[in-house]
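The next part holds the structures, each set out as structure tokens.
The following pair of complexes shares a single chain, chain A, combined with chain B in the former and chain C in the latter.
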Partner chain A sequence: MKRVYALEEYCVGCRLCEINCVVAHSQSKDIIWAFKNEEARPLPGILVEEMKPVSFGLQCRHCDDAPCVKSCITGAMHKDERGAVVCDTEKCVGCWTCIMACPYGAIKRNESNTKVISKCDLCPDLAQPACVTNCPNEALIYVDRR
Partner chain B sequence: MISYILPEFLVLRDENRCIQCEVCVRQCANDVHYLDTKDGKVKSDDAKCVNCQRCVTFCPTHALTIIQNPQEFKANANWTKKAITEVQRQAETGAVLLTGMGNPEAYTVYWDKLVLNASQVTNPSIDPLREPMELKTYLGRKPDMLEFDKDGKLLTKLTPQLVLNAPIMFSAMSFGSVSLNTCESLARAATELGIYYNTGEGGLHSSLYRYGKNTIAQVASGRFGVNPDYLNAAAALEIKIGQGAKPGIGGHLPGEKVKAEVAATRMIPEGSDAISPAPHHDIYSIEDLRQLIYALKEATDYTKPVSVKIAAVNNVAAIASGIARAGADIIAIDGFRGGTGAAPLRIRDNVGIPIEMAIAAVDTRLKEEGIRHQVSLVAAGSIRNSADIVKAIALGADAVYIATSALIAIGCHMCQKCNTGKCNWGIATQDPQLVKRLNPNIGARRLVNLITAWEHEIKEILGGMGINSIESLRGNREMLRGVGLTQKELDILGIKAAGE
Partner chain C sequence: MNYIIIGNSAAAVGGVEGIRQIDKEGSITIISEEPYCTYSRPLISYFLAGALNEDKMLYRDTDFYKTNGVNLLLGTKALSVDTENNWVTLAGGETIGYDKLLIATGGKPFMPPMIGSDKKGVYTFIKRDDAERLKAIAKPGSKAVVIGGGLIGLKAAEGLVKCGVDVTVIELANRILSTILDDQAAAIVQGVLEEHDIKVILNNTVSEALGSDKVTGVLLKDGTQIACDMVVTAIGVRPNTDIVCGTVINVNRGIVVDGHMRTNIDNIYAAGDVAEAYDIVYEDMRVTPIWPNAYMQGEVAGRNMAGDSAIFDAGFARNSISFFGLPMITAGIIKPIGAEYEVLSMTIPDKKIYKKAVIKDNKLVGFIRLTDIDRAGILTGLIKNKADVSAFKDKLLNDDFGFVYMPKKQRKEKLLGVKRI
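Moving on, here comes the complex of A and B:
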């Protein structure tokens, strides 16, 4: 399956991936409205890890044999038809076992709503994830490497 | 001591659009933008801004605008704001004013005083989309005559030529003055386009040897990075005598920019200043130049053309004649608008002559002396678009060198702060944090796009003239007319006035 890969040699640490991820998962899909007016603003599913001069965008690797799916106590975390690891927020009880299980630290608590975790969903409604489309230096690519 | 120098620019932030995302904070190498933790708002220190527009371009909500500081000085046509500020700066530093890029002063741009011809009724124009149009250009010495045996086989031994798919090359920018990603962007674009890029005086990084077939290796007064492998890796060699931005002046790459890779490529100790002397200390005459030309030809077994690059100065025609007679295959002439990574401001803005005049004068002189075929002429020093190229070739150039327009294509916004090493676009810097801002995949793609677009335009212009080959335009000054020029200027350019 296609995954997002970071090319750290080109990542400039601007964090536009994080910002555009928030916009893509907002209610309005409008950057100014999402940041200035929406109350429950989503967390970015991608996080730029940085220790200058090295930086890269890290998000869920959508593991084939995903530890978070195995560890989920309610069956909320599952693989969808694309092979992407996604969370059914209706089923999630906020136990955060997935956070403990993820070897990449790619799952975060959504502190505005303690129940639900936040993670990359590979933007199911878009042609490619918003972080890839909006990376100004092509430091994120969406490809099938196998 | 309080500084009298006012901020050159003001940063305007539209609070209705700013989402405090801090992209501007993270992108500014000059630390203009900062997050004020007391109120959680992003603010700006205008005094540090150089107007490189990195933040403006990256701001996802277009909340930023940078304007010239509108502060008025008492009106004075002589003591302008610029003149006053320069005195203030030198009074505070006691130093030579340094700057980057090319001469920005309001001298006449002769390209803009030249207009081109087109076919009407009596001769047919050509549609380049329907008929073949040749831009292929050969640079190098051409034989006096051709001899054939009785079967029509060529007997004359031809001298090595550079073959260009279009009469455009990327001019010298050294690794050190620009980043490795800049060099790689240029090298890859030149390879894809079938043209050439010039290494500048900083040697050739080991990762770029694979682009050698499209590389011109420069040998300058500092002799940085010159060794047999370097010379033989390239398609042609160039002796740099002078540069349009700073004729008569050497170069100085500060030690801070001489990091490990630059040091290894230049073959000098890490952290040491790389100083190029003003003259080549072994060249004090045309005869000395001839020795170096032939030393380089000997070192490469007479397989590569040798170019000599000079700045356009008084007597450029006589100097070019001497260079041709010294055995050069190509003469590159850099006009006074040519760019640089660092130059003293007074030199950049006051020394040298326009390339338009220089190329016309040299072409005329070499033709008069019957040696025009012995060298190819390359015009450099602010070629801004395809029309400038057509005009340069009609004035007598074989090809042009472009550098400023190439850098603009890959992100340069002409802030003229190359000398500071803090290029926010990853071009004129060696800071690893900044260098990676130029992705060579994107850089090469943008350069290929630019040259491809210019090729289309040149073909269109040629077709309009009824010419189907760039060869037929070279020195064809009948295709040019001058507008708003004096008779003396028209005479030097060798063209008629519009209407004549």
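Moving on, here comes the complex of A and C:
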């Protein structure tokens, strides 16, 4: 399956991937409206690690052998038909066992509203993830490496 | 192929899913003493606290068994295993034959050596029925004594307090949560419990449950008496090995299994809280009764029962738990004894932040994260992979600790490859 990979040599640390991830998962899908008016704004599913001059975006690797799925105490975390690791937030109780399990640190607590986890879903409704589309320097690529 | 799984929790579900990854056709039978479709045992404390109902405790959808072609025997106790004839005897006397057997019978509560433990009003807190019984009597103004300040005891205490019950926890050790926290972290968590009106008594235990027929109080080892309407015993669980009693199956503390989750009998496997398996941190055989191990062991067992040769290589203690909104994630060796260990720690008391990393031979072997739990899984991964942390160990406690601190080669291997982890 296709996954998102970061090319740290091209990343300028602008964090537009984080911004556009939020927009793509917002109610309005509008950058201004989402940031100005949406109270329950989603968290970005990608995070930029930075220690100048190095920076790169990192999100869920959608592991074949995903430890978060195997560790989940409720069955909320699962693989969908694409092979992407996704969370049924109706079932998630916010025990944070997946945060304990994820070796990439790619799962976040959404403490502001739902008290459940937040992560990359590979943008199921888009041709390619919004972070890849909107990276100004092509530092994120969406390819099948296997 | 005819598979039988005894048990119906995480390890059993892992077993079914492991078998079906390899064998779509074979017959699978689950024998479960409890009358419920698979549910999440850790969620009983959420149920007691009123955070969710019975339906949300389900671990898999109710069509899980049908989808996976599982013949489900609920409310059926398996009494014994005949390893010569390859059959399991049920409580009614009926026998069922198997080609491959998975024992996933879990743990059972360890009862404290207490006079009067058979009185009415003395409960355990392991199963859904336990939670329902407790919830029925946990009324505002009633008083409870919880024996044991570990994970189970404190989750029971938190749930009871949220029902309006006056709760006292009695812990034999010098600190609460002694298996997952060190003294400093435990003191912070105890402070939070006390802020929420849980009384905690350390270095003490209950010697007698008082009352004639029904419990009316407890007598502590030091002579103190505490009046109460209910007692919850939660001093630990031990492997539920009854089913293999008197067989040739090798039992130490739990049913001893190899890396394939196989017992000393070729066609019999064990997984989950009943199993004693290799711990990659302590480098010895241990019973590690935690949910992720149970599922992963079950899955490995299932795959191997169906002809694969999978290895379970993730055996070590790790827990994620919260009390009154204070989250903590801990793993491995958290209170090391010996000069071979290097310990790093930091704390911000007013934010209830505490972090600790335990290193041995340049490898991370344990950590504690209190409050600031974000990205703690990176540390779990370093333990599991026995990664050399010497290049960045002074950064392990940083707020922004991540792959950016790792050597470029190590980082790129991790982030640009999609290796099995």
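Here, the second predicted complex is superposed on the first by the 145 of 146 C-alpha atoms of A that agree within 3 Å, B and C clash if a C-alpha of one lies under 4 Å from a C-alpha of the other, contacts with A are read in each partner's own complex, and residues count from 1 in each chain.
The rule we apply is simple: a contact is a pair of C-beta atoms (placed from the backbone, for glycine too) under 8 Å apart; a residue touches a chain by one contact, two chains touch by 3 or more.
As the structure is a prediction and not an experimental result, all values here were calculated from the model.
Aligning the two structures on chain A places chain B and chain C side by side, free of any clash. With both structures placed on the common chain, the touch criterion links A:139 to chain B but leaves chain C unconnected.
The three-chain arrangement built by superposing both structures on chain A places chain B and chain C 150° apart around the Cα centre of chain A, to the nearest 10.
Counting the residues of chain A touched by each of chain B and chain C gives the higher count for C. When the two structures are aligned on the shared chain, A:31 is found in touch with chain B, with no touch to chain C. Judged by the touch definition given at the top, the superposed model places A:56 against chain C, while chain B stays out of reach.
Contacts of A:107 after superposition on the shared chain: chain C is touched, whereas chain B is not. By the touch criterion defined above, A:13 reaches chain B but does not reach chain C. Contacts of A:71 after superposition: chain C is touched, whereas chain B is not reached. When the two complexes are laid on top of each other via chain A, the two nearest Cα atoms from chain B and chain C are 15 angstrom apart. Listed in rising order, the residues of chain A touching chain B in the complex are 9-16, 19-20, 31-32, 35-36, 52-53, 134, 136-139. If you check the complex, the residues on chain A that touch chain C are 3, 5-6, 8, 49-51, 54-56, 58, 61, 63-65, 67-68, 70-71, 73-75, 91, 93-105, 107-109, 145-146. Considering their complex, residues 14, 40, 42-43, 46, 51-52, 56, 58-60, 291-292, 295-296, 299, 314, 318-322, 327, 329, 331, 373-378, 380-382, 384-385, 400, 402-405, 408, 412, 414-418, 420-421 of chain C touch chain A.
The touching residues of chain B, when paired with chain A in their complex, are 16-17, 19-23, 26-27, 58, 60-61, 431-433, 436-437, 439, 441-442.
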